[in-house]
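Same chain, two partners: subunit A is paired with subunit B first, then with subunit C.
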Partner chain A sequence: MATRSSPVSSASSIEISLLDRILDRWQKINSNYVVRTIIQALITVWAVITFTFFLIRLMPGNPIQVYVAQLMNAESITYEEAYGRAAAQFRFDFNASPVEQYFDYLGNLLRLDLGDSIISVGTPVISQIMRFLPWTLFSAGLGLLVSFVTGFVLGMLMAYYRNSPLDHILSFISSLMSAVPNYIWGLMIMVVFGVQLQWFSVGDLRGTYDPRLTPAFTPEFIFDIFKHALLPVITYVLGTVGSWMLSTKSSTVSVLGEDYVNVAEARGLSERRILTAYVGRNAALPLFTLLAISIGFVIGGSVLIESLFVYNGLGNFLFQSITGRDYTSMQGVFLFITFSVVLSNLLADLLYARLDPRIRVSGEK
Partner chain B sequence: MTTQAAPLVSQQRAPLSGLWTALRIFWLGVSRNRAGFIGFLGIVFYIIVVIFGPIVVPFDNEVKLDEIAAPPGTRIQLMTRSENVNTYTTLESLNGKVVGVIGNTGGPKLVEPYEDTFEVEEYRWQAGRGIDRALEELMDGDIDALVIFSQTVKDYIDEPEQAGNQNLYTNLAISNPALGPAHLLGTDTQGRDIFSHIMNGGASLIFTALLAGLFSTIIAFSLGAFAALIGGVVDRTLTAIANFVLVIPRFPLLVVLAAFVQLNNFILLATLIALLSWPSLMRAVRSQVLSLRERDYVEAAVALDLGRWHIMTREILPNMISFVAINLIFAVTGAMYEQVGLIFLGMAPINDYNWGVMLYFGRSRGTLFNPDSAMMVLAPVLAIAFFQVSMVMFARALEEIFNPRLRSSL
Partner chain C sequence: MNDEIVLKVEDLSVIYNSSRGPVRATSNVSFELRKGEALALIGESGSGKTTLSLALIRMLAKSAEINAGKVLYTRDGKTRNILDMNDGEMRAFRWNDCAMVFQGAQNAFNPVLRIRDQFLDTARAHGRNDKEWLRQRTLELFKLVRLDPQRVFDSYPHELSGGMRQRTLLALGVLLDPQIVILDEPTTALDILTQRAIIDVLNEMQTRLNFSIIFISHDLALAAEMADRVATMYAGEIVEIGGVNQIFYEPLHPYTLGLLRSVPKLSHGQDELVSITGNPPNLIDPPSGCKFHPRCQFASEKCSREAPPLTEYDAGHQSACWHVDKVIEARKDLYKKKVTES
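What follows is the complex of A and B.
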């Protein structure tokens, strides 16, 4: 018995120690803020991919079924033929089991193969996305940057001169700006300044650049790019600057009451140094958590803003592919918009940890 | 022990008295907070419009014109040769003459009442070519007058490069008979009164937004409180789900869903919006409940073993009423944003004619770019903007009133 039991117990003890080691390793990995954040982002991406798979493939009345029915109606072909066409465009093997299909789908995504566009026949969706993605990142990123900087400066002003008329006016304006939806701002700009006052020509500012110019690093072309991005950027700024002002004000006010600011003042440090090194830095920290939410909001809102101004970014492409019932493009763009948001969130989190060591050190909140 | 337990038991009246105190604080605060008072008045105004608007101003659905929108107080102008400028001063004075109209700017409808008295010659706009021909024929005497109705046509004629127009005069400005008395906000592309659409177009939008806000708040509160009170795996799972839903770009997902789910039912739309918008509030509720749970009176209730339901509804919820109200308002404005956005893109074909549908038509019919029809877009834009502003101002005021810490610091 004893001789028999010893290998079992030793095996189980090896197992336990292995499990222990894995758990231990996991604990170590998990306690590293950067690694943990990256793993969380990866899990989110995987969950979105899986969710999209169910949505596109398995939900009743899903896009593939709709598309097959459309093909059968429009071109009077049999169910099998239509199914075959859909399978080729969606990159699905319809004879495989759902599980196999799922892993095929994951594999295709890893190879960035999102299928072929239904409207632009023969064009892979990924090449379309790569054409439109930079413009959205450019305009939405510029909008966020401008709105963050403006909102931060104005919010600091509000906090420094709190309860003054300036503060009251700016508070009122920022509440007002944050309340009005961004596409409503866009419509107002368009109707009032474009159509009524004719300060700019709505038609000329469509698209991402003047088609008569050839893309190159010439001052002319770069100026043109900024000109075309102007309306979407202004709209993003108007839609988000109010909330930046309000949150900067409240975080600055709380920093101003801190002891280290009083000490800095008592030490006779210059106003400028206190403002930048003591107040500004610490007031900016909590805003980085808001940055992540803001990125998602701006990129999500790009569907509305880009289609309003006919700015050829990912948002407008999503709108076009939905109105044109281009389901493969729709799926691809949605995935890419989500990836961009998750990635931006991740970058914001990592930046936050870089700036605030307390986040990195504390393992769990 | 019994003396200590007695006040705790009598706290059963707490929810109502808590509500009453909250209402009193609310009124004191709102009457002092200027922006909040404006927001409050705005909300009252919207409630009145939504309830009484349809009764006072019935929906104008009578199509009077073809393709032209009439700006507020539109008048027709009549164009003649210089020698006739004092002869033809009213439409009646054109008895037996030939009158030109621009066909696709609603002209035919306009002169309909006079068709027995004068002969009508129709021209098409055709990017200005039709007007050129009409002006030529007016100069040659083939027609005696030209009716101008659209600002676009007038601007075209007034352009300096329109040679020979010096001999032609627009001399008549009379109220548009087809449109009746001048409309407060003008008419849409079919000659229907925009003001009546504004008065009738708010109810369904506001109702859906309220419903979505309510659903989302209920989900957020039940899940948040549940996670905080149960803790452990349940808490971690719910928080993980919330973090996951939070990171998905909400609006693109709604747009994608709208592509193959018919969103023509407003309860479905409200539910869908609510299902995607609860996470941030849920996290806030969770941390609120976690901090409230540490309070002495809650600990006392736990020690007395009053049960989770009692603790939740009697001890914790009454202290969160202002928090609930504020976040409900923010949830409603968020739902309004998404709902109108979907309708504006044409993704939610809701069957009634609301402010969002007005925006959708404003764009899909190209009236967005027509200087004549600015009001068709601007009126619903302002209606939505003021609704959102009133709600947010009111919510921010509530925040200041019920969060004294915030009030002293801000």
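What follows is the complex of A and C.
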């Protein structure tokens, strides 16, 4: 401050005041909650991308080296030939320095160029991802939504009637359910209803839709899509609804103990208004954050379920890539998963700030 | 103030069913509240003040049971027993007729709603949907409690200090023009200056709006300042009730006398403060006869046998004690020293 008001401002003091202003500016930007959260997310993404680069290109025994050795073995070609093929599929110039390679890699990512698939020769990884992603978003997203809504409603019921027989029964069921991993649910559905009871034909429900139908916005086709997604969706719901119930219950119980709920009753508000605007809204705050975060785990969580039901989503694609040692596809999907986890965390933070005025305002000031 | 009675409590008893047995938190309490008057309930913590006030708006804990008595409420010449109201009537009664400031309620406001929306909620719950009326009324009340009206109106609760929130709550309390406002230790969480300000505001509000107050406090100085009449509670019973000067200068019950002696400000010039010996009684298995007798300096054999009834000794001044004469004798020194000093 003193430097700025000094009448004989030398060059250095101008620099200092400039630095001051930049710092000042930075502080203002940084104190803005939204901007700060976005910057943090970008830094995380960059760190992961860079880490992946080192892991895949430069680490001893990295996937590229493994792939080159594999190629040489399988097709009895020279090291140079194999290395050239790998470089083309992974999109890098093996004559360039590591620094140049790094910037090429960043540039490719910015253009969404994740290289070519090794198994499906000539197909870019990104188009594979785009082909399978919608199915996973649809089935796992639907599962998440149904599970969240069901868990929230049941959890609130448990909290409202806590210590009643209803609460005890639901608590028992939900603890049991949340202790069983979702692929166990999938297997049980498969074995009990598919194989033993024969309620459905396991073979018919494979894939995302009946290949005899042409994709179109016809009721028949849409119904078929839901039919094929049904088993994965049920599995996701069974695997997660228990923990939604338990989190909702504990969140609601703590809100029910808050002064403002009591005061709202003393104010003569209707039970419905108290339930929605006073209890529900506050109880949902932490759960929305959890919900947004779980969106990021949709793809990772779908790997086993989709391969179990042979549902052609991104999870199944990753599973196939791993078993087929399709390193470019694996790299692509892993980067994509990272990105979606970071993005959903960002979403969670921003959503929380939107919903909770305490954060919103302190961030803006 | 006039003689019109808005609330008449008769023989009210409340029991909490606890794991160790029934807790007799309030026993056979009777009193009247007149229009525009402030009645203070004083007594150590655990004496049943909160329980009594919660019973009046039927917001007791689930484990509680009102097992005897009547609470007669009169408005516009119509008298109803609050204990007979159904859920709908009860909901309508709350806040519209009787507003309550709970003990220790730091977060009386929903953190995710603006203050104006919480005022609106309250008005709507009682069938007042006119937003313009609400706005005018709220801003007026904010001025009365000395808040910056427009700023508070648009604020979220966390943007207000503890003192401001308490004033906002007072404004909300009188929004619908209730006949009764119950304040359970409304200032204990606040610093001394804020306490002062709240009490001033409250006095001014009462003069302007002419509602009746039930003011609960274990701070006798505050009670003395707020109240027209005072009731002393001990072990769930009212043991003495009278005008504010009667209670503070001419107490007729040994427990009230003990309370006065244990407070520095009121026991002017007294050489030393004397606190009441012993502990508050166990309300699951209370002492026989007069519940205060194990701690009482005047207790006789009769006191442990027979409970003294609340009896009128001066106009409007009742005490439940077998040895009022001894109290009168003993209070002289409290009284005399005050006179010689002033």
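Everything below uses one rule, namely that the second predicted complex is superposed on the first by the 348 of 365 C-alpha atoms of A that agree within 3 Å, B and C clash if a C-alpha of one lies under 4 Å from a C-alpha of the other, contacts with A are read in each partner's own complex, and residues count from 1 in each chain.
We take it that contacts are C-beta pairs under 8 Å (C-beta built on N, C-alpha and C of every residue); 3 or more make two chains touch, one makes a residue touch a chain.
Given the structure is predicted, the values throughout are model-derived calculations rather than measurements.
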| item | value |
| --- | --- |
| Simultaneous placement of subunit C and subunit B on subunit A, clash or fit | fit |
| First, second, both or neither for A:Glu258, with subunit B first and subunit C second | second |
| Partner chain in contact with A:Tyr278 - subunit B first, subunit C second, else both or neither | second |
| Contacts of A:Arg358 with subunit B and subunit C, given as first, second, both or neither | second |
| Comparison of subunit B and subunit C by subunit A residues contacted | B |
| Partner chain in contact with A:Val66 - subunit B first, subunit C second, else both or neither | first |
| First, second, both or neither for A:Val341, with subunit B first and subunit C second | first |
| Touching partner for A:Ser329 - first (subunit B), second (subunit C), both, neither | neither |
| Subunit A-centred angle between subunit C and subunit B, computed on Cα centres after superposition, in steps of 10 ° | 90 |
| First, second, both or neither for A:Ser270, with subunit B first and subunit C second | second |
| Partner chain in contact with A:Thr235 - subunit B first, subunit C second, else both or neither | neither |
| Nearest-approach distance, in Å, of subunit C Cα atoms to those of subunit B in the combined model | 14 |
| Subunit B residues within the subunit A interface of the complex | 35, 243-244, 246-253, 255-261, 280, 333, 336-337, 340-341, 344-347, 359, 363, 368-371, 374, 377-378, 381, 384-385, 388-389, 391-393, 396, 406, 409-410 |
| Subunit A partner contacts - residues on subunit C that touch it in the complex | 57, 59, 91-96, 99-100, 102, 104-113, 121-122, 125-126, 156, 158-159, 169, 172 |
| Subunit A residues touching subunit C - in the complex, by the definition given at the top | 258-260, 262-270, 273, 277-278, 281-282, 285, 355-358, 361 |
| Subunit B-facing residues of subunit A, complex | 40, 44, 47-48, 55, 61-63, 66, 162, 171-172, 175-176, 178-181, 183-184, 187-188, 190-192, 195-196, 202-203, 249-250, 253-254, 257, 293, 296, 299-301, 303-304, 307-308, 315, 318-319, 322-323, 325, 327, 330, 333-334, 337-338, 341-342, 345 |
